[in-house]
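Two complexes come next, and they have one chain in common, chain A, joined by chain B in the first and chain C in the second.
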Partner chain A sequence: MERTNISTGQFFTALFVSRISAAISLNAQYAGGGDLLDSAASCLLALAASGLMALPLWLALRLGGGKSLPQLAVEGGWLGRLVPAYYLFFLVFSGGSALGMFQVFLGDTMDPDFSSGLVSAALLGVALYGALRGLETVGRCGACVFAALVLGGGLVFGMAAVRFDPDNLEPLFYHGLGQTARSFPLFLARTSIFAEMAVLLPQVKGRRALGFGGWLAGTGLFLSGLLVLVVGCLGRYASTQNFPVYVLASLSQVRSLRRLDALFTGLWMMGLIIQLAMGLYACRVCFRTLGLGKKEPRWSLWLAAGAMLGLGLLTAGSTGLQGLTLNPNSLAWWAAGAGTLAPLLALVLGLRGKGKKPPQKEKR
Partner chain B sequence: MRKAITLLLGLALAASLSGCGYPELYERILVHGIGVDLAPEGYRVTVRSSSSAEDEGEELFTCQGETVLEALSSLSLSTGREPFYSHNYLVVFGQECARQGLDRCLDFFIRYYNTRPAVSVFLAEDTAEAVLSAERDGKLLKMSQLEALGSGGRYNGQSAHVELLDFVNGVLREGGSPVMPVLAAEEGGARVTGTAYFEGCRLKSTLNLDQSRGYLAASDQLEEGELVVSAPELGVVTLSLKEASSRCRTSQVEEGLGFTIEVQAEADVSAKSGGGGADFYPQLEQAAGQLLAQQAESAIRQAVVEDRCDIFGFGNQLYRQSPGYWRENGANWKEQMASASYQVQARVKVRRLEEETLQGLG
Partner chain C sequence: MEKLSAQLDENKRYLQGQFENAMDFMMREMELAGTEAALFALDGLVSKQTVTLSILNPLMEAGDLPGQGEALLQAIERRVLGSVEQKRESRMDQLLLLLMSGFAVLCLDGCGEALVFGVQGFDTRGPDEPQNEVMQRGAKDGFTESYQNNISMIRRRMKTTALKFEKAQVGGQSHTPLALCYLEGVASPRILEQIRQRLKTYDLDTALGAGYLTGFLERGGVFSGVGVTERPDVVCGKIEEGRVAILMEGTPTAILVPFLFVENFQTLDDYLTRPFYGTFIRWLKYVAFFLSVLLPGLYVAIATHHPEMLPEALLLKIAESEAQTPFPVMAETLILYFLYEVLREAGLRAPRSLSATVSIVGGLVVGDTAVSAGLVSAPSLMVVALTAIAGYAVPRLYEPLALLRLAFLLAGNFLGVWGVTAGLVLLVMDLCGTDSFGVPLLSAASPFSRRLAFRDVFVRAGWQRLAHGGVRVQRMPGSQEIGE
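What follows is the complex of A and B.
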């Protein structure tokens, strides 16, 4: 596989698309209560916290020059293999979790008998093809999906917004800060951006910090705006639904043109494909760093895809497992590991490695 | 090798995703309207459906079950077809069912994957079955026509348009009470006869059409409608109301809570008989404003003061604007709303030419 570079805009646009596609699973249960406006506040807080959490990651990347965090860590000694191994695990876990959530959504809103497993397999197949083609393909596709998302999402939510009723907006923090605190992990979790940045940022050219800042601001504005729209249009009805964002989309209508929720589901599928493809490609880089294969091995993609699919199917089929794979609290811990702990370890090992030998240029 | 694997996967997906296991259109009952009545053991459900979009409203079924879904599922016993709910336009609840409380049967419409929150909801003056089996010119009334009776409030200003989403929010909002338009079956179809209001999910009472206009005007839902003003000096004047709006101000004084509702509307003189004179327009505007205010006050007196059902959202407004007050007093809202003072100020501006001809036939 030829290693290609993509621009900062492409990279963070693809990550934006994959992050907000996970937003449709926002609901009162995961947000920790029915005061969804309080969750909009915690969304902004969580994204600010994400910026701080990523500081070790940026420091480690700066130290590594053109190296990815797994590379930097591995060069620091045998303990460093933990870093690519953790990222590999985290990426598979995030992908499987996202697939599992999508299957739960299909069963809940479409038809319980719907062959959601096969749809997931098809989505993963497309993502796998993208990952096989390389990062540039995924980045270009992400930009297209972003355009579709802006137009399609704008249409669906714009039409639903005519139902916005200010009487539905409830006072902030009326029941204290409990919900804000409970929602915090939700917005910290459900993203694999830390792992993807750690593994793929060396292949990204341009003003990367600016891109990350844009991603944080864009995601924060989109998610909090979406929550305000959900509350304003659905009111307390939102807390009776498992997928209120989907319900909002299903309300969109212009005269006889009704139920544009299918368009919304399509957008989610496209975002999911980008998320999975990006994750799979990053898995492949991790495999190479671990020394499993001379170059970035193709079989590793199939293996990672199989693991994601398996985890997704198991998640959809087992409510017990959902407590682990879909629970925002557990996911937030894994994300904190990817955003802070693994980069810190890479940083320490990188500093140690730097003391041992002079810096080398990365072989491409 | 790669091509072979791709082909194999493609074939496998094509075979699995073709949807062959799903019913054909003719094997489905495309439900367009559901009526729910209380039965001795559970619910009697009336279904209006079509087998395809062209012959909408051609079929009428009744079924019975312990729950609404069980009753609906039993349709397949008599038809051999599967009910499909995502094309449903409306739900009508029977009077007795509403008196017992809708919470037991409402959950299906909120929870079930194939139902939508934007369906219109109605209360039948008698039974839902009577409304859904209403005929016009020997044919069952089309469901889209029945659905339009709710949204027709934007033209007549006397019927509330309520969707399932609004009803649920009415139940769940702080201190709130939901409403539903009342439908009566009659020869030649069905018509709206008033607005029912609920205490929680249980039917409390009904506002007549004039009170319904008052309710719509005071809750900023009035768009258009005809207002008939009659007085010796004015004769009988029919005003077409336009661009109505209202706002509510809350005041907390030593004597208790006070709500001032200001209604504003523009109107055209659409018909007139008798009356006239130099002060015709000022008198007309004053009389129309008084009438609109009386209708709103009558609705407030009956629903809020006497029956303690806050259909106007006064409690929600208080909760939003003064959360501290609501935290302390929200639990006693029923007593508070009954003892609060309500003042309605309605101002109707009649649009006219500077030198308009008032002379008519009468």
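What follows is the complex of A and C.
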């Protein structure tokens, strides 16, 4: 059974879970290497910027009369195919990048006695299964993972909070605005929400703007709270670690219950699966819009999953490629393209495709 | 021969031909008011006493019967015989089916219709306490193999005209009768129609148990969207919420659809105790479920790949035990798990007089000796035993649990805790993507409804709350009838 309609709550909960998985994979090196407390400010700024960046997307969706942005753009002629192609590329790229980051983490930090590529393949296999079952399945599973994140994250970070020392918190912008500026692109970049909204939002029922607002607020609160906790518990030590949130989790201990890093990694994996599954499903819709298959073609999921896995494996294996796929500056530009440029192009092409008829108001 | 012939000889020849070499076929020939007649029945299916007292004696003692043919049949039908279950039939396939269902058939020469009488006399088992759904406080009567008895058990508990028993039939050769039991105005017409359509797809020749039918009613997924019960009180509770029960002749279990995942954790006892205790028991079963699915996999994963997660004292104990055994943790757990399943199967299939011996030999001798001999470690044995016991807290899920344990065991061995996590998400994904007749299997947890989830999913609310709100299964969140 394949489902195609989900509620706003499910959709944005799944996206929140995806964003959280990116957040807990926070890499201090990519965050600027300075005081992470300043990064909390850049996180809030980046989310505010995300809200503004998404305005063209919302406008295009509103004027598109219930069509997804790729559909709207394709109506404007052959040039419009660039939009679904771009979203397809962006989704595969961000999925592969997230997978690559996870594999880098596994290889560098956990050093398992089996191939970390195998873990990535397993993750992608589960995500592929979810995408094959449909968007509603992924949305519902996202809600379940959210509950697990609340419980598991609450346990890990609650136990870590015992180490919180306010003395570790230096005043904001104590070393200037450099760190805030450096980590701003990271928080802007590590999300594929723009592409997923552009492609999937017409399938979502309910008050979508409210859902997006909730997503922005929830993500902002969670991320900034997490950064404060990390700095408060680890102090300057946080900025010297590759994965400070992981370090915080691995130091958590209450009596005999300790070394919860495996639990932390499990939570990261859960979020990552939802992120990949959403991305894969969106890829499938893009393939259909490109005219590659009569309905949403199933083979496209296998193709997109293969591409993501390949990119993830290559990223983990090549430091040169990591400079491209994990670099927040380049990722931020891609995200801006997905959130602003592609929607603007879709809007222009869509209006042209309608023969400049007065746009239909969305009934949803 | 499609229709009954007006010639009695022709009918006799046909029926004798059909039942050639069938020693249970009985034919009693007689003469009624100068007309040749014959009574057919199958030995063992009819009560000979009832046939003699209610059919043969009145026929023989009847005085002035008119002429022949239709007039004679009408007189017998109206004045001579007064069986409760009595009707005319002319289609030969129906007559054969009725004969094989325990009816007696009276044919007259010169008449193209026969009179059939319900004189079933086969033995049926009385209602016993259900073996697989033991209740502490519930009623002690369970379904039997006679679906008519089962219907009466439900009717005795639900004295309403809205209670319907719709007749159907499956099995190309067995022609097994069944009844769709539901409350009119409560059950969803869409679900009823879906059930009828799926029953039409049943293309097996026989239907010898509920399991034959469930395969045609469910649609994929690890967990079934079709439930079974041996208890009439459970059926009454379920149909009150809009479900449909299917009662099948020859099987002491009723099939329930739609059947949600949470129902695997609900028992009648939950509702017969006080709410706080019912909630406690419910949570105990949820924990037992996760323990049963994940414990062996997590044990192997942690012991093999992440020993740092264990407290030092426990880690040392496990390491000490493992050092004395020749097999790795995975092999040890797998062997123990298979041994346990073999013992369980042997205990189930062995004659009752031997099952105690099997348990003693298996549990005490093999288990104790294996640990003493240093073949397996005590922690592994304990994990497998705990898993098995936890599985019995949710007996309805035993089948999927048995295989899931194995899958998680392998995932834990090859990919550590991460393999178990991936497996868990896959399982949740499967649960989220499966529905039972248009109702999501995981409803009301996902899609989430606070009103319903805190009524009878996460807590067992008090009767004041349960009695109000009129929950209908077809109106659960995410179901086809209302959407998300």
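In this text, the second predicted complex is superposed on the first by the 348 of 364 C-alpha atoms of A that agree within 3 Å, B and C clash if a C-alpha of one lies under 4 Å from a C-alpha of the other, contacts with A are read in each partner's own complex, and residues count from 1 in each chain.
Criterion: a residue touches a chain if its C-beta (ideal position, glycine included) is under 8 Å from a C-beta of that chain, and two chains touch if they have at least 3 such contacts.
This structure is a prediction, so every number in the text was calculated from the model and none was measured.
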{"item": "Which superposed partner A:112 touches (first chain B, second chain C, both, neither)", "value": "both"}
{"item": "Partner chain in contact with A:122 - chain B first, chain C second, else both or neither", "value": "both"}
{"item": "Greater chain A contact set [chain C / chain B]", "value": "C"}
{"item": "Touching partner for A:259 - first (chain B), second (chain C), both, neither", "value": "both"}
{"item": "Contacts of A:144 with chain B and chain C, given as first, second, both or neither", "value": "second"}
{"item": "Which of chain B and chain C A:240 touches, first, second, both or neither", "value": "first"}
{"item": "Touching partner for A:270 - first (chain B), second (chain C), both, neither", "value": "second"}
{"item": "Doubly contacted residues of chain A, that is, touched by chain B and again by chain C", "value": "112, 118-119, 122, 125, 259"}
{"item": "Chain B partner contacts - residues on chain A that touch it in the complex", "value": "108-112, 115, 118-119, 121-122, 125, 167-171, 174, 234-237, 239-241, 247, 250-251, 253, 259"}
{"item": "Of all residues in chain B, those that touch chain A in their complex", "value": "9, 13, 16-17, 86, 110-111, 113-114, 116-118, 165, 168-169, 172-173, 313, 316-317, 319-320, 323, 327"}
{"item": "Touching residues on chain A, where the partner in the complex is chain C", "value": "1, 3, 5-7, 10, 112-114, 118-119, 122-123, 125-126, 129-130, 133-134, 136-138, 140-141, 143-145, 205, 256-260, 262-263, 265-266, 269-270, 273, 277"}
{"item": "List of chain C residues in touch with chain A within their complex", "value": "219, 302, 305-306, 308-309, 311, 313-314, 411, 414-422, 425-426, 428-430, 432-435, 440, 442, 445-448, 478, 483-484"}
